[in-house]
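The following blocks contain the structures, represented as structure tokens.
Look for subunit A in each of the two complexes below; its partner is subunit B in the first and subunit C in the second.
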Partner chain A sequence: MIQLLASKPFKILNIKIIVLILIISIFLTLPLWSSEYIISVFVLIFLYMSLGQMWNLLAGYTGLVSLGQQIFIGLGGYSLAVITVLYQLPIALGIIVGGVISILFALIISQPIFKMRGDYFTIGTWIVAECLAVFFSVWTYVRGGLGFNIIAAYKLSTTDIYYMAVAMGLGSIALVYFLLRTKIGLALMAMRDNESAAETLGVELYKTKLKVFLIAAFVTGLTGGLLYLSIAYIQPRASFSITWTVAMVFIVIIGGIGTIEGPILGAFFFILIKQYLYNYPGISMIILGTVAILTILIAPKGIVGTLQERYGFEILSIRRR
Partner chain B sequence: MQIIQSLLNGILLGGLYAMVALGMSLVFGIMKLTNIAHGDLIIVATYICMVMAVQFSGNLLLAVLITICFMMLIGFLLQTFLINKVLDKGPEPPLLVTFGISITLSNILLLVFGADARYIPNTLKTINIVNTEHFSISAIYLLNFIVAIVVICTLHYIMKNTFFGRSIRATADDVTTAELMGVNTKRIYSYTMCLAMVISSIAGLLVGMNYTYYPSTGTEYLIYAFGVVVIGGMGNQMGILLGGIILGIAQLMGAYFFGTGYQLLAGYLVLLIILTIRPQGILSKATRR
Partner chain C sequence: MGKSKTKKAISLLIVLVLVLGMVALVGCSKPAATTAPEQKEEKEFILIGRVNPTTGPLAGFGAGTPTVEEMAIEKINADGGIYIKEYDKKIPLKLIAVDSESNPTKASEAATKLVLQDKVDLLITAHTPDTTVPVSAVAERYQIPTISVDSPVDVWLTGGPYTWVFHTGFVVESLNSVFMDMWDLVDTNKKVGFLFGSDPDGAYISEVIKPMAEKRGYTCIDPGRFPQGTKDYTTIINQLKNEGVDIVTGNMITPDFATAWQQMHQQGFVPKVMTMGKAPLFPTDVDSFGNDLGEGVTTEVWWSENHPYKSSLTGHGALELAKWWTDTTQKQPSAVLGYKHAAIEIAVDALNRAQTLDKDQLREAIKATDLDTIIGHIQYNDENYCEAMLVGGQWTKGETWPWEMNIISNKQAPEVPLSQDSMFFVPGSK
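Up next is the complex of A and B:
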């Protein structure tokens, strides 16, 4: 027994688990010992982490480079607004409805959008998002360009929103981690390496891609609801804005595309730059744009990918043992 | 007879959209690159044109010539030092690099010029060339159309009849063989981008003369350009004109039947429908890549 505990793989596993528990407990107790401002920064970090994980799942693992993920943020935010403002129903319902509507909308648009390949898919998703932005600006049911003040959100404290954000951020990591170790994950990796070979061996390309697209839509929709809980004001041009996807792209590229740790690190990096340059929004975008271009040119695998290549470690391995 | 007017304006507006898309079609057809920064590059040209027009007290011809020089330099530098480095690294890196360029450019414009709507002042907007009781033709719309046809014919001539055009087409057809024949393909890509920038500068001037614009307008024109390229098929200059006209008519018919709020939406929906039914373009016979 002692020998087993002292054996090398078990030790590493032990240390990993202890560190993981330590980190999680730090985040869970954060509201007890830090300021309101720090908490609100961490709300953003966790929510953007979830967005980054989902974009990474699409672009990094499935090869679906979508520039239309803001569709689901807008739908999630608007579901929350309509449910809580127009019908005076509870917030939790609004957020869940946001996720469900996102998944339904993703299912509807998947029919035409999956006929497009590569660059066509990328721009096609963007056109859908622009369509929604224009449509919501003229749709009187959601008050057109006026938008909503999400009054219900004022009743929540930052701590409440923080715990929801933590659940969302850590939940998305766990989801991607376990998803990639299932049969879908194996199929995705086979597809990434050689699409036609995978198809020959019985991987259903369309079904696998669709499943991933729907999962990403659902989680992005939920995260969108939570984001608008902390923003508390929704308006079509901002909610369906490409800026959301810009953030996801930067988080994933800078952190490391095709790794689970990448978006975690990327989200920290992104929010810190954003907060540091809060008073100069234009400059922060220029810096992020330049950093992203340089990352692709110099270290195309991002921070985490480059470190992994050099030192050969993996914190969250998705390999099957 | 409002519908005849709308139809006519749609056709003439198609000239503007063809101009916006032509540079993108060139880059798309030759480098197989979807340049996400294309719309923003056009708007950069529009802003440079505006500044130059003020400098030269409203002489737009001189302004656009200077803009062309600036834009060729910008295009050459971007292509040589950024895009060429990632072109052979798979499909995602070039897409993401141009996306980064797009975000950076639009935010530099925001920083320098502010978020206010701008407009290149010109007298053509208020003049009607033809004026009957059923319809009228505005001078600026006619200018769009004529410029588009002239530029498309010139481009067609260059591509078919000059050594430069032949080496571009050779590179587009088969990179390896072109290199074996002594064509420096990376250099050709840089020149192609310069050529695309010349066209985009003229498109930028037209955009500024027709409509107001902001630093973030680039997105809108990128989507038009992409749509027109998709409708028309790649590397097909006549197809681009047809694509522009279809988009123009779709927008103005949307506005006519459902109100001006639906003008953009109608255009986008037609694009999505065509993208779904015929992803390889209306005129193109080639298989999808």
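Up next is the complex of A and C:
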């Protein structure tokens, strides 16, 4: 037993567990020792982390480069608004309904959208999102362009939203981690590397892609609901805006595509840079764009990808031992 | 194998240090950020947070911030600031302006940052519902006294009822009345074509204007709403052309209206009257239509250098403020100047009366505002808003500036003098 505990692999495992427990403890106790502003920043970090994980699952592991993930943010946000404002029902129900509607909508659009490949799939998803923005702008049931103030959200404190965001952020990491360690994970990576070869080896392309697309839609829908719990005002142009997906792409590129750690680090950098740049009105987008371009030029695989390549850095390994 | 695992362990430690460092770094900001007024620690400034559309399609509204506000604040700070009883001294004002990038989501995030990080004592929001509504939502959530100006009252009210936010703006009925007052000045077939976008104000105004116009004897042709960024208006133009409308009205952002107006001219459809909300409010916007297409376009005017009101801070009239703006920036004055200045007037007046930074007392002081400002008299009603009066204006080529505004209708505010020139049809119309 002592020999086992002293062995190298066990030590590394121990360090990993200690580090993870430490990090999780820090985040769980954050509201006890930090300011409300820092908590609000971490709300955004965890929610964008969840969005980044889902986009990475699609683009980095499945090869589905979607520019339409804002569809599910909008659906999640609008579900929350309709449930709480029009029907005066609980917030939790609004968020869950957002996830369910996102899955259903993803299922409906998957039929035509999966017939498109590569760039066509990318553009197709974007077009669906734009169509939804137009539709919601004229749909009187959701007040058209007027939108909703999600007044029920005012009652929640930043700490309440923070714990929901922590659950969402860490939950999305766990989901991707365990999903990639299943058979689906193996199939996904085989598909990403060579679709035809994967199919020859018995991977069911359509079914596997659909499963991942639905999972990503569900989690993005839930995250959209939580985001709008924090923003408390929704209208079509902003909720179905491509800027959401641009943020996801930025997070994944900066962090490292095809790695679980990438979107975690990417979300940290993205939100911290964004917060800092509020002090420089008018030039924030220029700086953000410059950071993205420099990262692509210097470290095309992102921060985590480059660390993995040079130093074998890995925390959340999905390799089977 | 063993070597790579050692590398992993080192990497893990590096990450741990990084994460802890980051958390410690942000955690360090806590003491400064959580200093409460009741602790009566030294307070250097009374902080006013201002969310402004500095960039993006609403940048025309945002132009002038923070210059105008800082000029107003300078006057107060020259006297040492405002007396605050819990500190028993005068404290100067400081404005923190952030950019919403004309995006409601960013406006909300920026306002949250102002409240939670900068710990502002008061928020000011202005310029269209895309800015005022999300910022008002943040103000209500965090219970921050807030002064809101310059966006339609009705649209702002859809996010209410408000406890912490007080708004000054025109009501949509007044806007529509001004439009129709102008149409009544000329001889047309009384057929009105709609060109309303699907943004919050466009969606709301289009609903209200139809019954009002019909009541005044106008026939409305409504091709429906369209999203911001629409590039092809051919279908709408054809419908309005076929219906033979003499008047076109709507509410659009500047780039979209420029596209639609150019396409109307290209396709040989020039109505006698083009009355547009939002897009042609500022001379720079009118200039962006290109090819002198601004000539004859009519719109609502909330404030101009001819408005006969005076600043409660400086005692100067609208003309002096406009002149100061031109002398300082070499730019033509626009309607937003008055509202930007008035927001500071309301804030200073409330702070002077409250003499405290206690949020509840400050809110009550704003609620009790009864003040003559550079945009007129401000007094809030039970729904926390004060209705601003409008006049109607028409753009024409000018002598001092490339584009100048003629005030052609003043039924709502007869104290605002009319220009010498009367209303004319859009050049090229048949």
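Rule of thumb we're sticking to: the second predicted complex is superposed on the first by the 317 of 321 C-alpha atoms of A that agree within 3 Å, B and C clash if a C-alpha of one lies under 4 Å from a C-alpha of the other, contacts with A are read in each partner's own complex, and residues count from 1 in each chain.
What we mean here is this: contacts are C-beta pairs under 8 Å (C-beta built on N, C-alpha and C of every residue); 3 or more make two chains touch, one makes a residue touch a chain.
Fair warning: this is a prediction, and the values are worked out from it, not measured in the lab.
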{"item": "Joint occupancy of subunit A by subunit B and subunit C, clash or fit", "value": "clash"}
{"item": "Which of subunit B and subunit C A:M116 touches, first, second, both or neither", "value": "first"}
{"item": "Which superposed partner A:M285 touches (first subunit B, second subunit C, both, neither)", "value": "both"}
{"item": "First (subunit B), second (subunit C), both or neither touched by A:I253", "value": "first"}
{"item": "Which superposed partner A:G124 touches (first subunit B, second subunit C, both, neither)", "value": "first"}
{"item": "Which of subunit B and subunit C A:A167 touches, first, second, both or neither", "value": "neither"}
{"item": "Subunit A residues touched - subunit C or subunit B, whichever exceeds", "value": "C"}
{"item": "First, second, both or neither for A:T158, with subunit B first and subunit C second", "value": "second"}
{"item": "Partner chain(s) touched by A:V138 [first = subunit B, second = subunit C, both, neither]", "value": "both"}
{"item": "Which of subunit B and subunit C A:L146 touches, first, second, both or neither", "value": "second"}
{"item": "Listed stretches 151-159, 187-195 or 259-267 of subunit C, narrowed to the one that overlaps subunit B", "value": "259-267"}
{"item": "Residues of subunit A at both interfaces, subunit B in one complex, subunit C in the other", "value": "134, 137-138, 282, 285"}
{"item": "Subunit C contact footprint on subunit A (complex, rising order)", "value": "8-9, 11-12, 15-16, 19, 22-23, 26, 30, 33-38, 40-41, 44, 133-134, 137-138, 143-147, 149-151, 153-154, 158, 230-233, 235-239, 241, 243, 268, 272, 274-275, 278-279, 281-282, 284-285, 307, 311-315"}
{"item": "Touch list for subunit B against partner subunit A, complex", "value": "34, 82, 85-86, 89, 91-93, 95-97, 99-101, 103-104, 107-108, 110-111, 219-220, 223, 226-227, 230, 259, 261-262, 264-265, 268-269, 271-273, 275-276, 279, 288-289"}
{"item": "Subunit A-touching residues of subunit C, taken from the complex the two chains share", "value": "2, 4-5, 7-16, 19-20, 22-23, 26-27, 29-30, 33-34, 52, 54-55, 97-99, 101, 103-105, 108-110, 112-113, 116-117, 130, 133-134, 136-138, 140-141, 155, 158-160, 197-200, 202-204, 224-228"}
{"item": "Complex contact set, residues of subunit A against subunit B", "value": "59, 65, 67, 112, 115-120, 122-124, 126-128, 130-131, 134-135, 137-138, 242, 246, 249, 253, 257, 282-283, 285-286, 288-290, 292-293, 296-297, 300"}
